[in-house]
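Have a look at this one before I ask anything.
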Amino acid sequence: MTARSTKLGKWLVSGPPLAYLVVFFAIPTLIMVLASFRTPGDFGGLAPLVEDGRLDLNLESYARFFTDAVYAQIFLKSVGYALVTTLCCLALAYPLAALVAGSAKRHRDFLLLLVILPFWSNFLIRIYAWMIILGPNAALARTVNGALRWFGHEPVPLLFSSFAVLVCLVYVHLPFMVLPLYANLEKHDRALLDAAQDLGANAWQRFWRITFPLSLPGVYAGAALVFIPALGIFAIPDILGGPGDSLIGNVIKQQFLETRDWPFGSVLSIVLTVAALLLAGLAAWIGRRNLGAEPVRA
Amino acid sequence: MRNRRVALWVAAATGYAFLYVPLVIVIVYSFNDSRLNAEWVGFTLDWYDKLFHNEEMLTAAANSLFIALIASAVATVLGTMAGMAMYRYKTRLLPVLVLTPIAIPEILMGVSLLIFFVMINFTLGIFSVALAHIAFCIGFVAIVVRARLSGMDESLIEAARDCGASSWQTFRYITLPLIMPGVIAGALMAFTLSIDDFVITFFTAGAGTVTLPLQIYSMIKIAVTPEVNAVSTLLMLLTLALIIIASRLTPTLLRSE
Amino acid sequence: MALLEIQNVTRRFGGFTAVDQVNLSIDAGEFFTLLGPSGCGKTTLLRMIAGFDLPDGGSIRLEGADLADLPPERRPVRTVFQSYALFPHMNVEKNIAFPLRMAKTESGEIARKVEAALEDVRLTGFGKRFPHELSGGQKQRVAIGRALVTHPRVLLLDEPLAALDAKLREEMQIELINLQKEVGITFVYVTHDQTEALALSHRIAVMNAGRVEQVDTPSRIYSFPQSRFVADFIGTCNLLDGPVTACADGTVSVDVGGLGAVLVREHGANAGSSGSIALRPEKIRIAAPAAEIASANRFRGHVTDLLYLGDVTVYKVSTTGGAKLEALMANSSAGTTRFFEVGDDVSLSWPADAGHFIGA
């Protein structure tokens, strides 16, 4: 095993995928960063980079983002939606993950598969399903509005509302919260809970003081897997949302495909990317810090 | 004790119901003899019939399949190489490039690739979509292959070399057969991801090209008919079949590592 | 010229020196063992002979030729791995045939050689079985068969019997000795089990912290350890330390704390120098205090502990001077389970040539 042959082997194997990703991922990202400093073209897109022999780069699009409060608001709204989604996912996912982790070994894989299967159905189908459920003529809306009318209240549209957007956000991201939580809970040492019980802790205390703290790495991982994609979502508000439900993803889509102000769209994308990367980095850092507290069975 | 167990079951059952009821409704209404997805009227296969006569839909399906085949083939090869490189060698750049597309919101890749293709005057169409799909599928394949490799006995590689096998022979006779289930599972996953992709396709398809998800999207936005239910049901069946096959091949894929 | 020459080989991992200037000469047809505790560098050395690691300094030569330029697949050296490393997706025949295929042997020839290898390791008829269908001992034999089928110059064995239970291990040890005699190939064997090393080897290299402490035949290593480490590592040993007070006629007197003057056969030790006497427990005669025994060394004490091991009993004795000695006595008299009890007064005696002097 000479040093030279290992080096050659390394480049032969990692070369092609590296090259592909540099061309189709790294470079486009850099181009987008560059685009954020350019001027919009007359008919949309980008103006020429070199104008009259000079490089046409400016900070106008950035200035617009930072001065016009609307965009900051939309960004914060996206953060808010993502946060609510994460918390709801956590609340729903925890019992599911706990149940699967606590089941007999032979059932676990099947139960886990059941959780993951819906994830593999088409994204749009899952959104469409909620269109049906929340539709004005569907059973749910009629029941709810019937009850509201009974109390003398105005009928409330379930569809094309923030409620619809949130419900669907939770629905779409739920499996991502279940998986890391399950992976963590499955490794918990049952003996710890027995010991706690032996020492006088009741059920709630055992959960709150032993299980939950030990599950935190899973919680953070799941939160990252939900929060970051939820931040950039656009299809759900686009289909299920009302006029006031535009999130940052929708604005980006609008800028690129309708308004065609690409530099500004790039600025928004970069802000979103930076936010996503910071959060991912934070999650990874917290994950590493918590490694020492792993409750793995001996 | 028992009450808590029951409570846990109820909460979990609610969770499972929440996950499945919407999908079941879509499937059920695909057989509903009514234009409105409101209440059950009667059983019919009309919508499926209309589906198979819908030119746009069939073109979209053909496009999706074509793209998925190319994308999964290329992504599997590149992803397997990436998975092996990440496992065997201590590269630092490769894992970043391979895994970041999966970590960030999809819209970012879609948008940056749009700018990229337009800048290099690459016509937006089937191939631009395929190239985009390959970029994010590589990561999934790499993860599966790497997991499979780490479950493999290291000493087998050394034993093969000890027996006189060169690096290539070791890969061909020992490593590849042993990771093959993982490679196939990765290929199936890539295929499914490509067929189902919406966001990235949305930005890189251009005006004239439609894939199945894009077609579903425009149907949802413009004129909703239960044909959407029908195509959704069929798509779900296809995906289900592929995922079950993939999970058979990599039993550890779904278990916690 | 020796078959395998290891010259000044050094291997470092960061700040840690795993193998430190090791020199060894291994002859053709030898069963040579590298013996030492975990972390002493024996496995690292073995891997360097195989080619999975390269020395930082020094050279390894096979029949005079430096192996450094040859990757593992081109060295005429084969390894039997601790985990057997049988290819799970190939049956026994294909596993054994693999090196022959890599050497591009013609297929009729492959079939013959595989059959012969199966016979050698006594697994005829097992050709179609898969590794997961075999027992530990059978897997072991397939691994050896696969390693021997191309008649390498040297066979490297990395603690191959570690995973087997005691009885099976004993059987396999005898098989290994016979196999090595039959095929006549040089074996380089790595183990931390000193009884195994003593049983199997023509010569043993005792290693400690990356260095070779002693290279010798098993009986010489056992009876004439050249360092305290070797004396202590091989079997149990009483180590009596002290300065040399007198020397005459090939006998030396060492003043051992807690005992007094102890006589030992030794040439070349000078009065005033220090050393240790390595005294094996079975060489000490333990008897009732009143027994008439004329012996160069005789001390009184009482039994503090005893360990009944079935065939022998180990007595831990505290002498009148306060020294702690271990003596071993066979329980060969039928019916008698113990000769002495804890608390009994005893006398310990041994001749001058029972111990071995190790200079400091």
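We call the chains A, B and C, going by the order they appear; numbering starts again at 1 in every chain.
By our rule, contacts are C-beta pairs under 8 Å (C-beta built on N, C-alpha and C of every residue); 3 or more make two chains touch, one makes a residue touch a chain.
Just so we're clear, the structure is a prediction, and the values are computed from it rather than from any experiment.
Please identify the chain with the largest separation between its CA centroid and the CA centroid of chain A.
C
Just list the two chains that share the greatest number of C-beta contact pairs.
So the pair of chains linked by the most contacts is A-B.
When the C-alpha atoms of chain A and chain B are each averaged to a single point, how far apart are the two points in Å?
17
For chain A versus chain C, what separation do you get between their C-alpha means, in angstrom?
60
Compute the distance, rounded to whole Å, between the mean C-alpha positions of chain B and chain C.
Each chain reduced to its C-alpha mean, chain B and chain C end up 57 Å apart.
Mark out which residues of chain B touch at least two other chains, giving numbers and ranges.
161
Going by the contact rule already set, what residues in chain C reach two or more other chains?
Residue numbers touching two or more other chains: 51-52, 71-72.
Enumerate the residues of chain A that touch no fewer than two other chains.
Touching at least two other chains: 1, 5.
So in the complex, which bits of chain C are touching chain B?
Where chain C meets chain B, its residues are 50-52, 71-74, 77-79, 81-83, 85-89, 98-99, 102-103, 146-147, 150.
Residue numbers of chain B touching chain C in their complex, please.
Interface residues on the chain B side: 153, 155-156, 158-166, 169, 173-174, 177-178.
Along chain B, where are the residues that touch chain A in the complex?
Touching chain A: residues 4, 8-9, 11-12, 15-16, 18-23, 25-26, 29, 36-39, 77-79, 81-82, 84-86, 88-89, 91, 93-94, 97-98, 100-101, 103-109, 111-116, 118-119, 131-132, 134-135, 138, 142, 161, 167, 192, 195-196, 198-199, 202-203, 212-213, 216-217, 220-221, 224, 228, 232, 235-236, 239-240, 243, 247, 251, 254-257 of chain B.
Where on chain A does chain B make contact in their complex?
Interface residues on chain A, with respect to chain B: 1, 5, 9-10, 13-14, 16-18, 20-22, 24-29, 31-32, 35, 45-46, 92-93, 95-96, 98-100, 102, 108-109, 112-118, 120-133, 135, 137-139, 171, 174-175, 182-184, 186-187, 203, 228-229, 231-235, 238-239, 249, 252-253, 256-257, 262, 265-266, 269, 272-273, 276-277, 280.
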